[in-house]
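The chains carry the letters A, B, C and D, assigned in the order they are written, with residues numbered from 1 in each.
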Amino acid sequence: MHEADFTLSAGPTLASSRVQQALGQPITFDYDPAFLAHFKATERLAAELFRTDKDVVLMQGEAVLGLEATARAVVRPGMRCLNLVSGVYAAWFGDWLRSYGAEVTELKVPYDEALEPAAVRAEIERMDAVDLVALVHSETPSGIENPLAEIAPIAKEAGALVYADVVSALGGTAVEIDDWGVDIAVAGCQKCLGGPPGVSLCVVGEDAWAAIDANPSAPRGTFVSLLDWRETWLASNGAKFPYTPSVSDVNGVHAAIAECLDHGLDEVIERHASAARACRAGVEAMGLELWPRSHDYAANCVTAIRCPEEVGVVETLAHIRDRYGVMLSGGYGELAEKVFRIGHMGSGSRSLYPLVSVSALARGLADLGVVVDVGAAAEATLESLSASGTVVTA
Amino acid sequence: MHEADFTLSAGPTLASSRVQQALGQPITFDYDPAFLAHFKATERLAAELFRTDKDVVLMQGEAVLGLEATARAVVRPGMRCLNLVSGVYAAWFGDWLRSYGAEVTELKVPYDEALEPAAVRAEIERMDAVDLVALVHSETPSGIENPLAEIAPIAKEAGALVYADVVSALGGTAVEIDDWGVDIAVAGCQKCLGGPPGVSLCVVGEDAWAAIDANPSAPRGTFVSLLDWRETWLASNGAKFPYTPSVSDVNGVHAAIAECLDHGLDEVIERHASAARACRAGVEAMGLELWPRSHDYAANCVTAIRCPEEVGVVETLAHIRDRYGVMLSGGYGELAEKVFRIGHMGSGSRSLYPLVSVSALARGLADLGVVVDVGAAAEATLESLSASGTVVTA
Amino acid sequence: MHEADFTLSAGPTLASSRVQQALGQPITFDYDPAFLAHFKATERLAAELFRTDKDVVLMQGEAVLGLEATARAVVRPGMRCLNLVSGVYAAWFGDWLRSYGAEVTELKVPYDEALEPAAVRAEIERMDAVDLVALVHSETPSGIENPLAEIAPIAKEAGALVYADVVSALGGTAVEIDDWGVDIAVAGCQKCLGGPPGVSLCVVGEDAWAAIDANPSAPRGTFVSLLDWRETWLASNGAKFPYTPSVSDVNGVHAAIAECLDHGLDEVIERHASAARACRAGVEAMGLELWPRSHDYAANCVTAIRCPEEVGVVETLAHIRDRYGVMLSGGYGELAEKVFRIGHMGSGSRSLYPLVSVSALARGLADLGVVVDVGAAAEATLESLSASGTVVTA
Amino acid sequence: MHEADFTLSAGPTLASSRVQQALGQPITFDYDPAFLAHFKATERLAAELFRTDKDVVLMQGEAVLGLEATARAVVRPGMRCLNLVSGVYAAWFGDWLRSYGAEVTELKVPYDEALEPAAVRAEIERMDAVDLVALVHSETPSGIENPLAEIAPIAKEAGALVYADVVSALGGTAVEIDDWGVDIAVAGCQKCLGGPPGVSLCVVGEDAWAAIDANPSAPRGTFVSLLDWRETWLASNGAKFPYTPSVSDVNGVHAAIAECLDHGLDEVIERHASAARACRAGVEAMGLELWPRSHDYAANCVTAIRCPEEVGVVETLAHIRDRYGVMLSGGYGELAEKVFRIGHMGSGSRSLYPLVSVSALARGLADLGVVVDVGAAAEATLESLSASGTVVTA
């Protein structure tokens, strides 16, 4: 089977030539002084991306590892947690919180809506006390972006630790860790950074470290231990790893972040916003319905689209992959059979990639007998890109 | 300046990941036994592509070197040559023939038309005798394909050597050297093969070698000498090069040809035809005029389009490159200011690449104030691709 | 700082061009049908390398993840475990066993000796009953190889599960999972396979799965869960991952294993043995002392050498890296300050790499004032390689 | 057949990872604005390497093309040329000069000696008048370096154009075009730069252009035309190529030169000198005889060694390649059966590569029954490298 010509999925997604070449560099010994320096440089670049002075820890596994490691480290039995749920990943996070012994309160909205700051404030006020507020900034499964900028300060003000899953947000939308008062954040590299999946970027601030110190159940001596990284890597000032890092993936992550910063983070974010707008314009012009109830909180990383009744998600995607060489994504978890997802992340947010994904979906559905306006979809996508001005400089 | 996101030019053009990786392999000594074997294997693969048992010589420079080297070798002063001219390259070839001392008769058609076999036959009959008939199979500057399959036998039958420039034909349309009786043919690698430009693939048959032997002015001891390759490389049975070959480019060419053969040459040709049809459908739906007067002889490699009066070729292409990251081509030689050219060659003939190029042109022109139907262009391109059936398997 | 010219460390180590290129391939969506097929093909290749029909699970993190995941899955509180200790890693494994609640008996030998099958048999007979026998096949920190071929059947016969850490053994010495009756084995890719570190290759046999099923504490819903892989990936017949796999690393691992199998596993093992012999010959000729008490159990992957008293390990290695561009390893854990380690794994076991490492060590020590015979070291290394016959065919 | 583990030949030779990656970049359209800028940047970097303000032209073929193109351009019939011959390439150049109609005087020394400035001065004085003095700076076939620094001013002072073949000199020894008054120089990329072979770097100064303008036989309209590059590329200020350049090779050349300049040209030259010294020390310690009669003029790029009578060059090299995976070179032209050549160029002049080549030769000869001191060879090579101080910083 031929490789996909276009990988415009919900991640891992299209990597740039620069990232690919970094991944293909000679493998080095992890204690080679050049690699040690490179690893530290990667942490610093990541901190720049997070706009933070807090510690950045590169956990050596895809984002789910960083999420688990940070959550296990900070969540102690009996901790009063407010879990804000607007999607599949937040719901799963709640399961984790409970399994670690937390007392979990949940504020839920339907999965096609975003959280509202006022509701969060009200919920916090309703609670006796809250130790930690957790939320997903950008819900990849449903293409919904929550207003972390507004919610984080509310939570912080209430004395809670702020835990943000920014897996598919970083690099695609504003993430201002220090300005907003986020204590713990975890990002992935295979989303808006267009890097390889095997590394989690974790931010841990002083308040978070204090909570971790106070948590007797924070794991040590395991692959999911954040403390192992603190007590070996950070404590040795970058001289000793708790275990062997993924050398090639770290090289790829370094290149992905450096590329983003070279283009200018603000420009890259605007590019993601522009691609997302174009994609939504195309989808609506085609006659389909977006999953998010409002454009206001549709995410920059991924556009989720309701699958028409006449077809199934899986068969449609398979047809598009077979016939047109374009790899899109279906839904995930509870939304598996309900939505298509188009990724416009990293290099996939550049140039005419949104046209490729929208048109592949439109033409693929038409092939399967769904009435969609293929020409209007392409026209609207292109018009939106044109209106956004120069979309490829950054 | 950021690299182009899409290189859909008239060549060099988009290379596949496999070709890129071959180019990036370790550089080896040219007399390394592994490289000697690899070089010979590349010749054999090329012969398979040409469908010939004749000698294949890999000249170490872009196709213009192979054209010059073979022409200089075979054309002796006073040779009676019929040069068939339907485009810029054929006209240039006539200049070469004359400069080498040949007596040149030319049969010309307007550059937006193809040669007609009957006219060729008539012209040959009009001539006293003809030693060599030269033609360009696929005129890249104008996107016109000449019926080599019909003309070659006519020329051969008349006792002439058949010299075919198949630079942009090989891999994109049928080229049957032995069946059609072609004596000398030269192909490029940066066109339908999607390889690097630095190697010419030259076919030389027995009749051609005989003519070369009879040519006192056939060059020796120069970079443009075909005889040097015969008298060192071929004579030593692949043990000695006349000069150092371009190791990396040879690796890239090997990969490009192998990829084509792995997909199946017939399937790859059909894919090029399908991409060209889709591109023409899109261009006409947008409201522009193709350069070729008829679809019947529009080439599989490149689609040439008349530039509307309201804009200039250069400014339009610059706008499309700047704004959308898509690199298309303008005209060449006399057609420089008259046509746009879209390449659909190699990997660029796969998947939705024709949509990208057509849409970039349409939207770019619209941005500059030209009235074109952007949506109809995209719709027609996609409809044509859909009608062609599975376009990416090969 | 310039990258090392030669990475001849204890791993990660020198990767071949083929592996590097696989790592640099385009990143694909993990649910792309081509990647799903590729992932399954990688499992099958790994099974071939392990010479097993048992399940192979590719855990997405370096070998320590696979060790932890398999150990946590199988070890239930109260399980009677015999831990065979001849080195640092086995000692650490004992700590894990105890922390998971096992009743651990340990049979220890000094770290410069190997385990003896008869002693293992005697120890098993001394124990009332034994549920699991664990050992490290090849102790990377000390370059000692234990006779797994003889110990595994003894343990199996006694009704115990056999748990083998073959991290640095696979690809460098015989590992016959099915013939020897090993139930659980974990290999790394950055050792004798010359691949990237980020994937663990885990073998799990039916008896092991039965024990896991019977273990109420076998983890689920965590990055270190083996059961998650069984209940999603294996249960779905390769249609669903428990979390996003490390796409690039999987590509690299596929290439590394395929390269080994293309050369022929037996030939590759013999090549590792030959490189190790040459390295030991060179070290002894230089006047240094090997760490292993006997050549009989010196490992094929790494040669450990006692550091002379006049110098420190760290300063010597830094000097060699700075002055000669060669990256060797020091000791690990308790042996950190005591030994140098030379890796001769993967591509580093080919050609004259053993000469490079031995000579760099010799000349580096001489620079620092240690009396070593530099010429004799090189001569003996080369003589051994010469005597081994053709050392690069495989 | 497995690729060579070590390519330490007389060129093409070992390329760095950076060069390989540049070669593997996406192929771009040659008229892409990014490529046009890149091409011009490559010219400027090359000028920096030549230490010249004169024009630099990148001919698109290996160095022999640049030599032919510049010689054909400048040499008019009847031109009085003094050809200085100390090796195979200079002798060939004389054949070219004669074939272009020049009146050629030759000053010859045996091929194992270098030219002497005083003899050159005397020869010039003996001649009535001299229009052009030609010499090879570094004779790759025999590893002899001529004192261009002293000869060029003598020739320039006499009113002659100075034509220098610096193919294997540039990057490995001092080449000061402007300071020394060289008018035309041609360098290769596959020698001391460690780049791909397919591009010639040509320097052409004002006096040379004037001579070319005065030469009615300077070629136009051919692949070997230097004037075509002046009248299209230079005249258009870098907007138009005479034919399609070798995109990938240009990328590789850019990287190779940039790498050299990043390390510092003087440091890189010192590194080549150090590697050559070490190699000669090893060869003499082994008991073999160097081809050059004196170390004073032994080249930095390649060490030529007299083949002992007991063996043949070809069989010895084949044995070394088969058994040890090391690719060295034999002689060339008249020296084919007489010498071995070891390349220590580009990355191959770093680290312990001289040890690898010297030891492979020593051990290979020993295998074939020649009495050589393998240990002394290695020891002397390493001692020399050690004495040179830090050999890998640059």
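Keep in mind that, in the parts below, contacts are C-beta pairs under 8 Å (C-beta built on N, C-alpha and C of every residue); 3 or more make two chains touch, one makes a residue touch a chain.
Keep in mind it's a predicted model, so treat the numbers as computed, not measured.
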{"item": "Smallest count of steps, each to a touching chain, taking subunit A to subunit C", "value": "1"}
{"item": "Where subunit A and subunit B overlap in contact partners, by chain label", "value": "C, D"}
{"item": "Chain located farthest away, centre of subunit C as origin (C-alpha)", "value": "B"}
{"item": "Angle (degrees, nearest 5) of the CA superposition of subunit B onto subunit D", "value": "180"}
{"item": "Of B-C and C-D, whichever chain pair has more C-beta contact pairs", "value": "C-D"}
{"item": "CA centroid of subunit B to CA centroid of subunit D, Å", "value": "34"}
{"item": "Subunit B and subunit C, separation of their C-alpha mean positions in angstrom", "value": "52"}
{"item": "Separation of mean Cα positions, subunit D and subunit C [Å, integer]", "value": "45"}
{"item": "Touching two or more other chains - residue numbers and ranges from subunit A", "value": "2-3, 17, 21, 24-26"}
{"item": "Interface residues, subunit B side, partner subunit D - complex", "value": "1-4, 7, 9-15, 19-21, 23-34, 37, 60-65, 68-69, 95-96, 99, 190, 194-198, 221-224, 243-249, 252, 318, 321, 327, 329"}
{"item": "Residues of subunit A touching subunit B in the complex", "value": "2-3, 5-6, 17, 24, 263, 322-326, 347, 350-353, 355-356, 359-360, 362-363, 366-367, 374-376, 378-379, 382-383, 385-386, 390-393"}
{"item": "In the complex with subunit D, residue positions of subunit A that touch it", "value": "17, 21, 24-26"}
